[in-house]
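Note that the chains are named A, B, C, D, E and F in the order they appear, and that numbering of residues resets to 1 at the start of each chain.
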Amino acid sequence: MLYLTRRERFNAAHKLYNPAWSIEKNETVFGKCSNANWHGHNYDLYITVKGEPDPDTGFLMNVKELSYIIKTTVLDKVDHRNLNLDVDFMQGIIPSTENLAKAIWQQLFPYITDCKLHCVKIYETENIYVEYFGE
Amino acid sequence: MLYLTRRERFNAAHKLYNPAWSIEKNETVFGKCSNANWHGHNYDLYITVKGEPDPDTGFLMNVKELSYIIKTTVLDKVDHRNLNLDVDFMQGIIPSTENLAKAIWQQLFPYITDCKLHCVKIYETENIYVEYFGE
Amino acid sequence: MLYLTRRERFNAAHKLYNPAWSIEKNETVFGKCSNANWHGHNYDLYITVKGEPDPDTGFLMNVKELSYIIKTTVLDKVDHRNLNLDVDFMQGIIPSTENLAKAIWQQLFPYITDCKLHCVKIYETENIYVEYFGE
Amino acid sequence: MLYLTRRERFNAAHKLYNPAWSIEKNETVFGKCSNANWHGHNYDLYITVKGEPDPDTGFLMNVKELSYIIKTTVLDKVDHRNLNLDVDFMQGIIPSTENLAKAIWQQLFPYITDCKLHCVKIYETENIYVEYFGE
Amino acid sequence: MLYLTRRERFNAAHKLYNPAWSIEKNETVFGKCSNANWHGHNYDLYITVKGEPDPDTGFLMNVKELSYIIKTTVLDKVDHRNLNLDVDFMQGIIPSTENLAKAIWQQLFPYITDCKLHCVKIYETENIYVEYFGE
Amino acid sequence: MLYLTRRERFNAAHKLYNPAWSIEKNETVFGKCSNANWHGHNYDLYITVKGEPDPDTGFLMNVKELSYIIKTTVLDKVDHRNLNLDVDFMQGIIPSTENLAKAIWQQLFPYITDCKLHCVKIYETENIYVEYFGE
């Protein structure tokens, strides 16, 4: 078993806001992350797949194909977008890094067929990241 | 003459949009950076000052004081904010990294009095940065 | 199950020295790391917790709270300190990165109550790091 | 159980090419990575070992000894070399990062005797890495 | 005057070898960098241009256009290539980082017309880089 | 004119303390940097030289020779040392990063003879660096 990881990047706006709560409670819980006019991040996304390399290529998976799957199922929907307003797979979900990692797993999972999706890791800043292993 | 640099970071939303233009022209020129619902970045800010060290301290300037000036004149206004909507010193200015660097210079300049402000450098992504030397 | 990691940093002095050994044996085993007058490092500390996100916030744990726990139980005791002389929780322990990781785990463990402490990872230099998972 | 990781670096040339295939098929599968005249990389190698620290030293393993083993069994053979032509332990193997990780594991395994080899991780570029855990 | 920098990356093989010298002299001067079967690097390229921002866009130059110029005049010729054998603009030139920086300047210079080319900076490894300012 | 930069690293202990002042005044000015029992840093040192490349080698200066000069005149004296107590060229000097940069310039200057020393740049942490150009 080998593990292959591809890093991709995207830039997006978001805010942390629970619509069931008052503005005051949102500010108490989320602080400046709930600013009404949004803020944003350069997100670093690390996608890890696992499996056995193909003897003919030495590849677990062609990394260009992995990159293409990430682009079409995730980056095209989130890059230079607003995670609260513009992204179909985040509708009704608070765009915390935790929820984003789980949602990106759901996006990628059906398309990783030759080997297995192992981990979605997202850096929100250089000091904060989340990992999700699908269960 | 010595040069001292302090890095600070902030996260903000913005869009590139010229209000004198049609939506179509904005899309042609700015591409996805003009997305109506904003996008955002983790900005890395490097502020360089120059001068002679104080013989009693070995400091060009106390880096905590420099950090405090950057915080109160810049970070408190831009961090977790929308550069188009929330920032007094960016009103009426397209928030390109170039314009942002010049505006941050104007913010800092009056408060760097013991030594001289030398450079404002901003990374918008790991692949793009702008430097401004004040003239 | 999700994993959330927070990076913090501290700067400290230390030396590697076994008081049961002669100076010569310490030099043989630890080399320049045993220099009598100390040396030091910028330590990078990565603390990972695991659990399920709260549906109301999307947070595994509020990262500001995690940061506060790290600050009060670890950073306030080690930052700009001497690991051999100044740190109560390192008394009588050779301050190798391995021992430091275990001791920091012990400091943090009682305070991570809403989710579970998963990993303490410490970079001593850009080329050396240690991970401890608590068992 | 603790985990200790040492980073080392090497610079090498290679190409991805299956000699059982035509030039055309190699180009279709491997793209520009099959360029006849080679290309190259700065490889970052992370070697992780696991075990219990020695009470007398606080060390899982002396990191200088680990570094020496990596140097003599791996770096001396691959650094500033051609992975297809110059490296005895890569003969007959397509030098994908996956195959390289497995081969480096085989090189290191017999020499890590005081503790256990846990992981070989190789970055081919800042965006691609492979991990191998030996099974 | 503002300065805008774009980072690009390429992976290439090369060797350092003066054909006027014996193999022995090449080895004495260039060491393992003269290995007959090549080695290679991940090169990081930073291209800086200078000028005044356009009031309509806030841009010194559209960074996508700068990226396109770098791609067509430099990256398409060097990426996944052999700097000694495959690159027209390096024919007859020892591919040291110094010579590479000067040659890339010559490639770019005619195409940077709206503003001025200021600096070509190349990292050969994380520990070595060269800068050229055109004179 | 080309500029060649070599990065080296060292780990050292120090404290900021003016012996002409009381402990209280030292604490007021230097804060926790004046802790009696020292703290320390991983220092990153960037040495830049300038000149014309040798036509026979393409080198401004052999980077191994530059590295050797840095090692023998600087690193051997500061690495794993105490900057206040152990370093001959820092005797009687407050080891601020500013003073350290100037002192390292004095150490290197006599030995850079084939080309010219251009800049000494030191990172004390990832957020603070100082540059000195010799005048």
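One rule holds in what follows: a contact is a pair of C-beta atoms (placed from the backbone, for glycine too) under 8 Å apart; a residue touches a chain by one contact, two chains touch by 3 or more.
Model, not experiment: these values are computed from the prediction.
Novice: If you apply the touch rule, which chains end up adjacent to both chain C and chain E?
Specialist: Chains in contact with chain C as well as chain E: D, F.
Novice: If I average the CA coordinates per chain, which chain comes out farthest from chain E?
Specialist: Max centre-to-centre separation from chain E belongs to C.
Novice: From the C-alpha centre of chain D to that of chain E, how far is it in Å?
Specialist: Using C-alpha averages as centres, the distance is 28 Å.
Novice: How many angstrom between the C-alpha centroids of chain E and chain A?
Specialist: Comparing mean C-alpha positions, chain E is 34 Å from chain A.
Novice: Going through chain B residue by residue, note those that touch at least 2 other chains and give them in order.
Specialist: Counting only residues that touch two or more other chains, chain B contributes 126.
Novice: Got a list of which chains touch which?
Specialist: The complete list of chain pairs in contact reads A-B, A-C, A-D, B-E, B-F, C-D, C-F, D-E, E-F.
Novice: Considering the complex alone, what residue numbers of chain F touch chain E?
Specialist: The touching residues are 1-8, 53, 56-60, 62-64.
Novice: Hey, which residues of chain B end up touching chain E in the complex?
Specialist: These residues of chain B touch chain E: 16, 18, 20-21, 29-31, 93-99, 101-102, 126-133, 135.
Novice: Touching chain B in the complex: which residues of chain A?
Specialist: Within the complex, chain A contacts chain B at residues 9, 11-14, 32-33, 35, 37-42, 79-82, 85-86, 125-126.
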